[in-house]
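Note that the chains are named A, B and C in the order they appear, and that numbering of residues resets to 1 at the start of each chain.
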């Protein structure tokens, strides 16, 4: 049939609004203000290697914490009755639908030097802590905002594991720990991989969280890009170069991740 | 009327992604006939059906309906209807609306629709099911709704794509009888696709045996079983012992190192041939009284008979007998001239040998050994 | 073990909901100063003020207009695209799906700046155009499209491919067959996709931030306030929006539950 042609408007749309803009990023990254070819922008990105390292480090820590916290919850949810499962999953997703800026702002309210947590501590007679404007606060903000993206794909893979596979492992003599390490965890790998990608990518490239919870000191890649396009340091060519390097970096990270995942990435199915 | 074929396919060729599905395919179907396309999956039978339905366009060749070329007629304008493999009932419509679908599309009046729907539902024994949800019906009931839906459209030809495949054995048999009855009642031409030889033999007026996109044999069920045209047909329909032989002269054939009298003629002198002997035609006798004798290598109880495998000089014969034989016994095999059926050599000669294994798959797997396993690793 | 699981789940949910509770609670705070962490009594004054704040209301209006248009256009385009993708051969399908996945795996900020480059480039070359509602709508349609496609595609895959043929077989023209049979079948996916597109669009900040020019959407308005002080009006507004979104999500969930039930029943039969 001619069903294919139904996708033609979409193909045109995506060419104009996805492919062409990407090409523009590449062109800007390799040209200077007058439009002639240069490698200066890319070279200049090297100056910001500390920012890149900090972003990757904070993103990786946040991803690891999300995995450690999220996996057990995904597993707990996958073991309860189906009706309660959908309620729990709903609860995991709900916070994502409150505006992201506001949720992060709410953390400011909580973490401030005169914030709710410190007031609570003080009322118990405990000392105040300096929480806001630290790297810890940035990581907390990342984990808080992105942990649902870790829980959901892992959960969706875990529920698809046939319980008879687990029983077969027990039947063959595996104990609880072995069942987990030799059967469940390897089988949930696609979900783990897509969870890691879905947390790491936005965490590395964020510019709000670092601005709001990290203060000025903890500059990240996203902040750098922002500054080149809409900020004080207006320089779209350098901004494009940074974006390009960021994209390439993320592609490399994902390539490495997918080395661990020999199957298709079937875990990212639910993203609602 | 009997003489103009209602459907004829002439020199049809189809390939998908470079893979040939049908090659130079010719078939004509008489009005009122029950025709079955029989073959294993991938033989092109469903494609043939979809060409008639208009869902697949042939690369070359013509399709005629009542003598009129309908190559470019889209499916919705063809006077044929299809029963799809999994019925394809519309899940968002109830039984009544499913059956009424075609008539509504054709703008019939609601009162007329009502009469026809009720008529159709009672024909398929689904009175009182009109307002049921189709998703909640059993497989057999869904099947009957599909039949009612197709027949309500008053097709000249009904195309059935493995309609009984999803049903369990007993229900299948009932539906076979039911379908045959409906076909006789309505007089509509049925083109039926199946891979089940028993179904084909018991329902059809004409059976078309297909393999690799070609017709291997067309004939009545009796012809196909008793006079298979080549080794493929002989092997596919029922069980057969297929041996290499040489036709010495009319009525005399040599195989298994002995000359036998037979009832076939018209071969060239000393022409190499394939010899087919059906397992149920072989009589067991004392080893000394026969030219063919060998050792029993396995015995399987099948209910109505025993299936006995006998090794005669390295060729494994299958015999069906009501008498039990001990494994290891020496027995003789006796053949009457009309038990022996002679076929010309074909591309299939030698592919279907003895009964060392039953299926081709086991045959290949045991030959290839671990080779394939490595590939899949 | 059971008890530990429960405590664990409760702790995680506490973590997830604490800030939201704080937000909602402080939307009812009767503070005269704009202190964000001192409770000074219950009041709904911020809700009342909210409806008198012209800037905020115009940002809200922009957001809703953009979300409605983006959801509508991306649903139509995306549904058509999903159907088209279903009819493609492997190679083409892969190519199209790769482009479809790109905005989903790419950092949002990169999608944002790349679209900004495009819009600025076009605006400049067309003369005195500026970024605004129009560029926002285009950007939102773009990032909503993949989500629509990904929610329609599974429904198409679940659908018996013979349904479409059966409708034609019974006399429907191809287009008629689509509206009578295919569309009702994939409707749940289409509706889910549309609701998702709508909520994503309302919530989007990063891409809007780079493609809005001087036009304000609600998230951009909120952002500009976070740099000074956020008025509890915003708390009030987001409590309202949160409530709306909960209702929308309940509808989706209810539909899915209904779907599932029908499937289970069908399996039992």
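Keep this in mind: a residue touches a chain if its C-beta (ideal position, glycine included) is under 8 Å from a C-beta of that chain, and two chains touch if they have at least 3 such contacts.
Small disclaimer: the values here were computed from a predicted structure and weren't measured.
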Chain whose Cα centroid lies nearest the overall Cα centroid: C
Pair exhibiting more inter-chain C-beta contacts, A-C or B-C: A-C
Euclidean distance of C-alpha centroids - chain A vs chain B, Å: 57
Gap in Å, rounded to a whole number, between the CA centres of chain C and chain A: 18
Interchain centroid distance [CA atoms averaged], chain B/chain C, Å: 54
Sites on chain C at which at least two other chains make contact: 174
In the complex with chain B, residue positions of chain C that touch it: 89, 160, 162-163, 165-174, 176-177, 180-181, 184-185, 262, 265-266, 269
Residue ranges of chain A touching chain C (in the complex, touch as defined): 1-11, 13-22, 24-25, 28, 69, 72-73, 76-77, 79, 86, 88, 90-95, 97-103, 105-110, 112, 114-116, 119, 144, 147-148, 197, 201-202, 204-205, 207-208, 212, 222, 225-226, 229-230, 236, 239-240, 243, 246-247, 250, 254, 269, 271-272
Chain B residues touching chain C - in the complex, by the definition given at the top: 17, 53-55, 74-76, 80-82, 84-86, 88-92, 101-102, 105-106, 135-138, 149-150, 153
Chain A-touching residues of chain C, taken from the complex the two chains share: 5, 8-9, 12-13, 15-20, 22-23, 26, 36-37, 77-78, 80-81, 83-88, 92, 96, 99-100, 102-111, 113-118, 121, 138-139, 141-142, 145, 147, 149-151, 154, 174, 192, 196, 199, 203, 205-206, 209-210, 218-219, 222-223, 226, 230, 234-235, 238, 241-242, 245-246, 249, 252-253, 256-257
